[in-house]
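Given below, in the form of structure tokens, are the structures.
Paired with chain B in one complex and with chain C in the other, chain A is shared by the two complexes that follow.
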Partner chain A sequence: MSAVRRVQQWATFGRMWYLYDCKWQNPLDSADKIVPYLDGSHKPIFHPLNDSGDHVVVINSRDIAFPGDEWEKRVYFHHTGYAGGATWTLAWQLHEADPTMIIRKTIYNKLSKNLLRRGRMARLHIFPDDKIPDSILKNVSGQMRQLRPVPRRLDHYPQEQVENFPKIFDWPKDHVIN
Partner chain B sequence: MFVMWFVKVASSLMRTPKSRTEQHYYGRKQNCYSVAIKYVHRALRYNTLARKLRKNDARELWTTRISAGCTELGTKYPDMKLMMDESSIALDRNMLQNLAIWEPRSFRALALLTKSRQEVGLNSLEGPSPVGVVTRGML
Partner chain C sequence: MMLCRTIRTFFPRGLPTITPVTPAATLLRPLHTTHARPLKEIVVEEEAGGDTVVRGQYLPSPKSSLLLKPDREAGKACPLCALDLDVKHTDVLILSQFMREDGSVLPRRVTGLCGKQQRRLTWLVIMAQKAGLMPNLAPATSKRDPSKRQRSKKFNRYFDESTLPQ
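Up next, the complex of A and B:
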């Protein structure tokens, strides 16, 4: 195989590791975006039995943002298998107990319900903050764009940039704003 | 008095040599004719029904592949279909997915055509009206 062909082969069939920052993102919409990457259905060479899925590393899962009153209303069902072992846990309670569970359950429920699901979930790596082990960070080869724009806080801008920003008008020094 | 219940059980061996259909079945379904024949008939019925399902599955796979290729190039599959209908480009889904895999530059040309079709021209009523023109919402 020539060098060009070898590069093309690696570029086509190499398994990518994508990074997704789900800070202030809707977990339901994020799952809609992540699932095709785990399946491999974002590639034209897709086949369900081809094992063409990629790895996705999800960071900042502690900072996900459900819309509206979902934190109070959404429930997660669990049954231990024993009699009387059914529990309905509210989203905020589950998130307090384990900050990676919500995004994991959302993606698990969105994947196709067949025997390939467990293997695809094994390629999903979720971290509650941005501390990633070096072994995984070395593999990351791409990043997925966030769905909702994350605005920058005013106190995170450097002081001189805030002061030097052009102003049309400013209050006089003895004016009381109240 | 002890009463025994007699149950009639199919125990006769296959009358024909082992054909392909029931060769890998479990237990008596493999060896006894009257048990196996029901499952063989079911398998043949599934075979005839699957002729249509195979075509549906293939079409679904082609659609997934084409929409994956479209998303990579910044368009969408429904938009591409619309562009092809309007421009009388008679490529079916099979051809399109082959182009997406084996002829990426041709597929990219189709995606660029789709995007150019969606551009709003100067004369169009769809986009924003030119600056400095007061219409009061009437245009």
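Up next, the complex of A and C:
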């Protein structure tokens, strides 16, 4: 094989490791983005039996964001298999107990419901913060773009930027500022 | 039973509540002997005829140098309508201009906004506060760290502005 063809072969069939930062991201929308990478559907050589899926390393899973009141309304169902073993856990309770579980369950439920699912989940690595083991960090070869812009807190802006920001309205004539 | 009935007739509108004045609340409230910014300054001038004139002259507002002056179209007198911006709940630099230090929104007679914009602004401020984006604009006695909130409130949340009435 010539050098150019060898490089093309590696580039086509090599398994990539992608990094995804889910800070301030919706886990449902993030899962919609991550699942094609775990399947291999984002590749033109995709076939379910090709084993063309990539690894995805998800960081900051503790900082995911739900819209509105979903933290209080979304429930996760679990049944132990024994009689009376059904539990309904609210999203915030589950997140308190295990900060990686919500994104893991979301991705698991979005993958194809076949025997390949367990293998694809094994290629998903979730970390609650940005501390990644060196063995995984060394493999990371790409990064996925975030879906939502990360908002900035007012106290994280420098004071002079807040003061020099253009003002939209002026005080009324006899307004006293306390 | 007799005791309950006598108490209810004595206080027909319910038992009076006594709010304790905690020392901490009074200490944390900001105290000023003079106003933080005076409206007018005293100007003493010597006139040509030898008279001394003492006038109270209005000072320019501290915001006048940074004020945005958009081209006002007919029927768009409100500052936010004239700017024609899609203000989101994450635009804290804009929202904080319409707020006091204790986290409350300024009234319409001060902001000069139209009714629609004032209502929308109030909702955007509520969204930003629930998202924990303005912890420094809060009552003096509140904890100013969103991560110290209880139960579900300590986790990140965002809002969809398109759900507000247009």
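Just so it is clear, the second predicted complex is superposed on the first by the 150 of 178 C-alpha atoms of A that agree within 3 Å, B and C clash if a C-alpha of one lies under 4 Å from a C-alpha of the other, contacts with A are read in each partner's own complex, and residues count from 1 in each chain.
The criterion applied here is as follows: contacts are C-beta pairs under 8 Å (C-beta built on N, C-alpha and C of every residue); 3 or more make two chains touch, one makes a residue touch a chain.
This structure is a prediction, so every number in the text was calculated from the model and none was measured.
K.L.:
Once the structures are superposed on A, label A:I45 by its partner contacts, choosing first (chain B), second (chain C), both or neither.
P.N.:
A:I45 contacts chain B only, not chain C.
K.L.:
After lining up the shared chain so the two structures overlap, which partner does A:D32 touch, if you call chain B first and chain C second: first, second, both or neither?
P.N.:
neither
K.L.:
On chain A, which partner touches more residues: chain B or chain C?
P.N.:
With both complexes superposed on chain A, more residues of chain A are touched by C.
K.L.:
After superposition on the shared chain, which partner residues are touched by A:P67: those of chain B (first), chain C (second), both, or neither?
P.N.:
Touch status of A:P67: second partner only.
K.L.:
Under the touch definition given earlier, write down the residues of chain B that touch chain A in their complex.
P.N.:
Within the complex, chain B contacts chain A at residues 61, 64-66, 68-69, 71-72, 97, 100-101.
K.L.:
Enumerate the contact residues on chain A facing chain B in the complex.
P.N.:
Per the stated touch rule, the residues are 36, 41-47.
K.L.:
Name, in rising order, each residue of chain C that touches chain A in their complex.
P.N.:
Against chain A, the touching part of chain C is residues 30, 32, 35-37, 39, 58, 61, 63-64, 66-68, 79-80, 83, 90, 92-94, 96-98, 109-113, 131-137, 151-152, 155-160.
K.L.:
What residues on chain A touch chain C, complex-wise?
P.N.:
24, 26, 63-68, 70-72, 90-92, 95, 148-149, 151-155, 157, 161-162, 164-178
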